[in-house]
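In the two complexes that follow, subunit A is the common piece, with subunit B as its partner first and subunit C second.
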Partner chain A sequence: MATVTLQNVRKSFGKTDVIHGIDLDIADGEFIVIVGPSGCGKSTLLRMVAGLETVTSGEVKIGGRLVNDVEPMDRDIAMVFQNYALYPHMSVFDNMAYGLKIAKTPRSEIEERVASAAELLQLEPYLHRKPRELSGGQRQRVAMGRAIVRKPAVFLFDEPLSNLDAKLRVQMRLEIKALQRKLGVTALYVTHDQVEAMTLADRMVVMNSGVADQIGKPLEVYADPQTAFVGGFIGSPPTNFLNAGLIPGLATGNTIGIRPEHLTLRADGRLQTTVAYTEALGAETLIHCRLPDGNQITARQDATQRIPAEGESIGITWNDGDAMLFDAGGRRTGQV
Partner chain B sequence: MEKRVTFKGIWLPILLVLPQIVITAVFFFYPAGQAVWQSLFIPDPFGLSMQWVGLGNFEYLFSDPYYRASFVTTAVFSILVTVVSMGVALYLALLADRLIKGAGAYRTLLIWPYAVAPAVAGVLWLFMFNTRVGVVSWYLGVLGYDWNHVLNEGEAMGLVVVSSAWGRISYNFLFFLAGLQAIPKSVIEAAAIDGAHFWTRFRTIVFPLLSPTTFFLLVVNIIYAFFETFGVIHTITSGGPQQATTILVYKVFSDGFVGQDLGSSAAQSVVLLFLVSILTVVQFKFIERRVHY
Partner chain C sequence: MAERNGMVEKRGAGLWLTHLGLIIGVLFIFFPIWLAFVASTVTQADIVRPPMPLLPGDQFFTNYGRALTSGVNAPVATMLLNSMAMALGIAVGKIAISLLSAFAIVYFRFPLRKLFFWLIFLTLMLPVEVRIVPTYEVIANFGMLNSYQGLILPLIASATATFLFRQFFMTVPDELAEAARVDGAKPMRFFFDILLPMSRTNIAALFVILFIYGWNQYLWPLLITTDPDMNTIVMGIKQMFPSGDDTADWPVIMATSILAMVPPVLVVVGMQRLFVRGLVESEK
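Let's look at the complex of A and B:
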């Protein structure tokens, strides 16, 4: 168990800058999720912590030790890959025991540690199977088992759930969370899925084009996004962005963001809209309305409320405190 | 899951495989049948009549010490060619796989020797090692080593092995490189994080995952060493000195076409046919089981 510290970490591939200086302090036992769209540099950042990519400048410290030039194997980390990266020619047991065998751990201890990991992950019946004889979820568990048996100081997860179907993903998400809590190991988890980020993270890092736009607890980030990008990326359906010029008293050029759940449909709203189409999801209904300027805006309401007909003309309104104001550069400037 | 293409009629599939069947029949079944037939006869010196001798040709063959020696020569030659060409190719492929800059040029250069015909390759090596005018043998002479593969049996074997293996390295290199690049990078990275250094990774991960490629190349290379090195041996040593490089295939040629002993030559062909069938069965039955696909 250890802390992880990143100080002004940068990465360039040739002349292309991929990561533009990231600072991050991870406490011992903390679960940090790095979330962002594809190509934002989140995996590269994780691979730099793992030692699979060199650090162009800045410092990476694990447990207070500078590890910039330390080989992956000497960093006391374990990594779970997106495609699991299991050794296809080895049984589940050998996959999990591989690292321990290389470390020349005594046979009895290897068996004990693999057995307890297998028990934890319900893999006992499969120990003698090859990876190709396992389902996606089981392979995922083996990859986790391989990480656990080595008792690393830090777990690194590189989009571990992306290859699973939706239902299994939700289940494994809970298992990863429970496992991390139980073992108390510091974890760094990369995903493009904001729901995974919201549910797993103690703190999350929202990355955008190589910059950490915001670092904070999930609900704080959700409630108080510092940039328009974060507001738009976190939350589903995403935040609605309106040209501030539509609202009397606000300067054009700025943008206001309002989350769908903060919009209310009323005959006498602040803005007049036309209902484009509606999506009734059971517990809630999403209502997509078209603004006079052609932009679309989405409101979310409980299933108990009346669902307006498509094509109906309706007003839309919100509380002042729920509207977030962003300047032309996408920076948050306050409430309206 | 059934993934086979199924045809409705019988005529289209027959038509599609017909060219291959015809080629196999004309160039394989017919000559093989002829060899089996001829191996049971001794023709007279003028080729006007044939005398039935049953298995006489075979009895004579296996009591011939030169023929038995040729077996050993073939085994030594094939093993050396296979090991040298595959070993060097694997080493080069490992290096090329790690290369980032100039990988294309490096690969192209390594593939070139494959384009050289075996007989031409033989002549090239013969020139370099020619006992009187060869560049290499001259430098060896400067270093105090008297190279003479015309007289020295070991040197003759060494030279035909090297020149046979040389052209083969390119071919093996291509397959090994493709095999290496088919191994997911993340598997190698996972092993690196698990604490395995380069050679440990090679031994425990890379080599086992390459085993389908290795197995395939093993079969192909042994068959190459058995049958396709004729040109190299013919141009460099003509089987000499003292039959030190007369492999079985070369002996078929030299006994049959040079010595005009067609009955014995045919019998040798049948023995080879038999040997290859056994080799193929053994390889597929026993070695394949240890291969991880």
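Let's look at the complex of A and C:
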């Protein structure tokens, strides 16, 4: 168990800068999720913490110790990879025990640690199977088991759930959260899935092309995004962005963002729209409307409310406090 | 549906016809070998008197005994041993060197990596026959004529095998190497613990091919072995043929030929099991 500190960490591949200086303080036992679209540098950042990628400049500290030039195995970390990276010719037991064997741990202790990890992950019946004889979820558990037996100070997860089907993903998500709580280990988790980020994180880091746009508690980030990118990336369906020029009294060039759940359909709205199509999801209904300027805007309403017909002309409105104002550069400038 | 079944499980006349075709083919290929076997079990007199015998005689033990212990120039047992040493040396050596060079090329970044890769590639264009004179010179200067080293070393580098392993290593996901690194495995540990066991089916396949390649070497052993005790079996057979007016000891020559065929057959049959097991266990 340890803290992780990143100080102005940068990474370039040749002349291309991938990470433009990230500062992050992770408290002991905290679950941090790094979320962003593909190519934003989130995996690179994680791999720098793991020691699989060199740090171009800045400092990476684990437990207060500078680890920039320390080999992965000496960093007291364990990593779970996206494709699990299990050794195909080894049994589940050997996969989990491999790191301990290299560290010359006594045989009895290896058996004890693997047994307790297997019990924790319900892998006991499969210890003698090869990875290919396991299902995706079980392989995922083995990969986690391999991380657990090392008793690391920090867990690193690199999109561990993206190879699983949707149902299993939800289940494993809960298991990972429960496991991390139980073991109390600091965790750094990379994902492109904002739902995973919202549900797992104590704090999340939203990355956008090599920059940490916002770091904060999930609900704070959701409620109060600091950039238009964060507002658009976190939340599904995404925040609607309107040209501020459409609203009387606001300067053109700026943008306002309104979450779908904050929009209300009324006969006399602030804006007049046409319903393009509707998606009834059961508990809620998404209504996609077309604005006079051709842009689309999505409202989310309760299933109990009337679903307007496609092609119907309808007004749309919101409370002033729910509209977020962004400047031309995408930075948040306040409420409307 | 009936037709589709027919594709998988042929019944009736078609089945018999295809089998008949295959059997004729096998007999056609096998007949000369059968003749050689028959000739190795009869006396010299039986062979030279027409018609040729088509059924084995009673001289099996005499002929094979004579071949193994005395032969014509050198005892066949010695030649078999030499061939075995050469074929095993070449097969094992080639596999070891190719594995290591492929490992270096795929997993390490060192200066001139590309150049070395192309140098290896270039050797494909230089089989033994092309470089035979300079190679002979080198081996002679090292004093390796009439030695196992001389037989094995010039044939031990293999661009083909290096390529095969390179291609295979490139299909191994990078995460596996990274996982091993996080687990604390140093490069050679990763090589022996993970890469080597994963390549075992490739190794088995290559071993069969390379063993037969080494076993069938003719020109190179012929050139550098002058001592009959260093003869290999394939060149030995040729040397048993009489020159001038001598009479050929056909039963012994045929016995030698049969004996020369046995080890490659055993390797193929033995390795086939590993092959099939490897194929069934195939994994990504």
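Throughout what follows, the second predicted complex is superposed on the first by the 336 of 336 C-alpha atoms of A that agree within 3 Å, B and C clash if a C-alpha of one lies under 4 Å from a C-alpha of the other, contacts with A are read in each partner's own complex, and residues count from 1 in each chain.
Basically, a residue touches a chain if its C-beta (ideal position, glycine included) is under 8 Å from a C-beta of that chain, and two chains touch if they have at least 3 such contacts.
Just so it is clear, the model here is predicted, and its values are computed rather than measured.
Peer 1: After lining both complexes up on subunit A, report clash or fit for subunit B versus subunit C.
Peer 2: clash
Peer 1: So, does A:Ile102 touch the first partner subunit B, the second partner subunit C, both, or neither?
Peer 2: A:Ile102 sits against subunit B and subunit C alike.
Peer 1: Considering only the touch criterion stated at the top, classify A:Gly137 as touching first (subunit B), second (subunit C), both, or neither.
Peer 2: Once the two structures are laid over each other on A, A:Gly137 reaches no partner at all.
Peer 1: Applying the touch criterion given at the start, work out whether A:Tyr87 contacts subunit B, subunit C, both or neither, answering first, second, both or neither.
Peer 2: both
Peer 1: For A:Pro237, select first, second, both or neither according to whether it touches subunit B, subunit C, the two together, or no partner.
Peer 2: A:Pro237 sits against neither subunit B nor subunit C.
Peer 1: Scan A:Ala50 for contacts with subunit B and subunit C and give back first, second, both or neither.
Peer 2: Both partners, subunit B and subunit C.
Peer 1: Of the partners subunit B and subunit C, which touch A:Met79 in the superposed model: first, second, both, neither?
Peer 2: A:Met79 sits against subunit B and subunit C alike.
Peer 1: Using the superposition on A, tell me which residues of subunit A are in contact with subunit B and, in the other complex, with subunit C.
Peer 2: Dual-contact residues (subunit A): 50, 52, 71-73, 77-79, 81-83, 85-89, 98-99, 102-103, 146, 150.
Peer 1: Give the list of subunit A residues in touch with subunit B in this complex.
Peer 2: On the subunit A side, the touching residues are 50-52, 71-73, 77-79, 81-83, 85-89, 98-99, 102-103, 146, 150.
Peer 1: Touching residues of subunit C toward subunit A in the complex: what are they?
Peer 2: Within the complex, subunit C touches subunit A at residues 173, 175-176, 178-185, 189, 193-194, 197-198, 283-284.
Peer 1: Using the touch definition from the top, list the residues of subunit A that touch subunit C in their complex.
Peer 2: 50, 52, 71-73, 77-79, 81-83, 85-89, 98-99, 102-103, 130, 132, 146, 150
Peer 1: Which subunit B residues qualify as touching subunit A in the complex?
Peer 2: Contacts found on subunit B: 184, 186-187, 189-197, 200, 204-205, 208-209, 211, 292.
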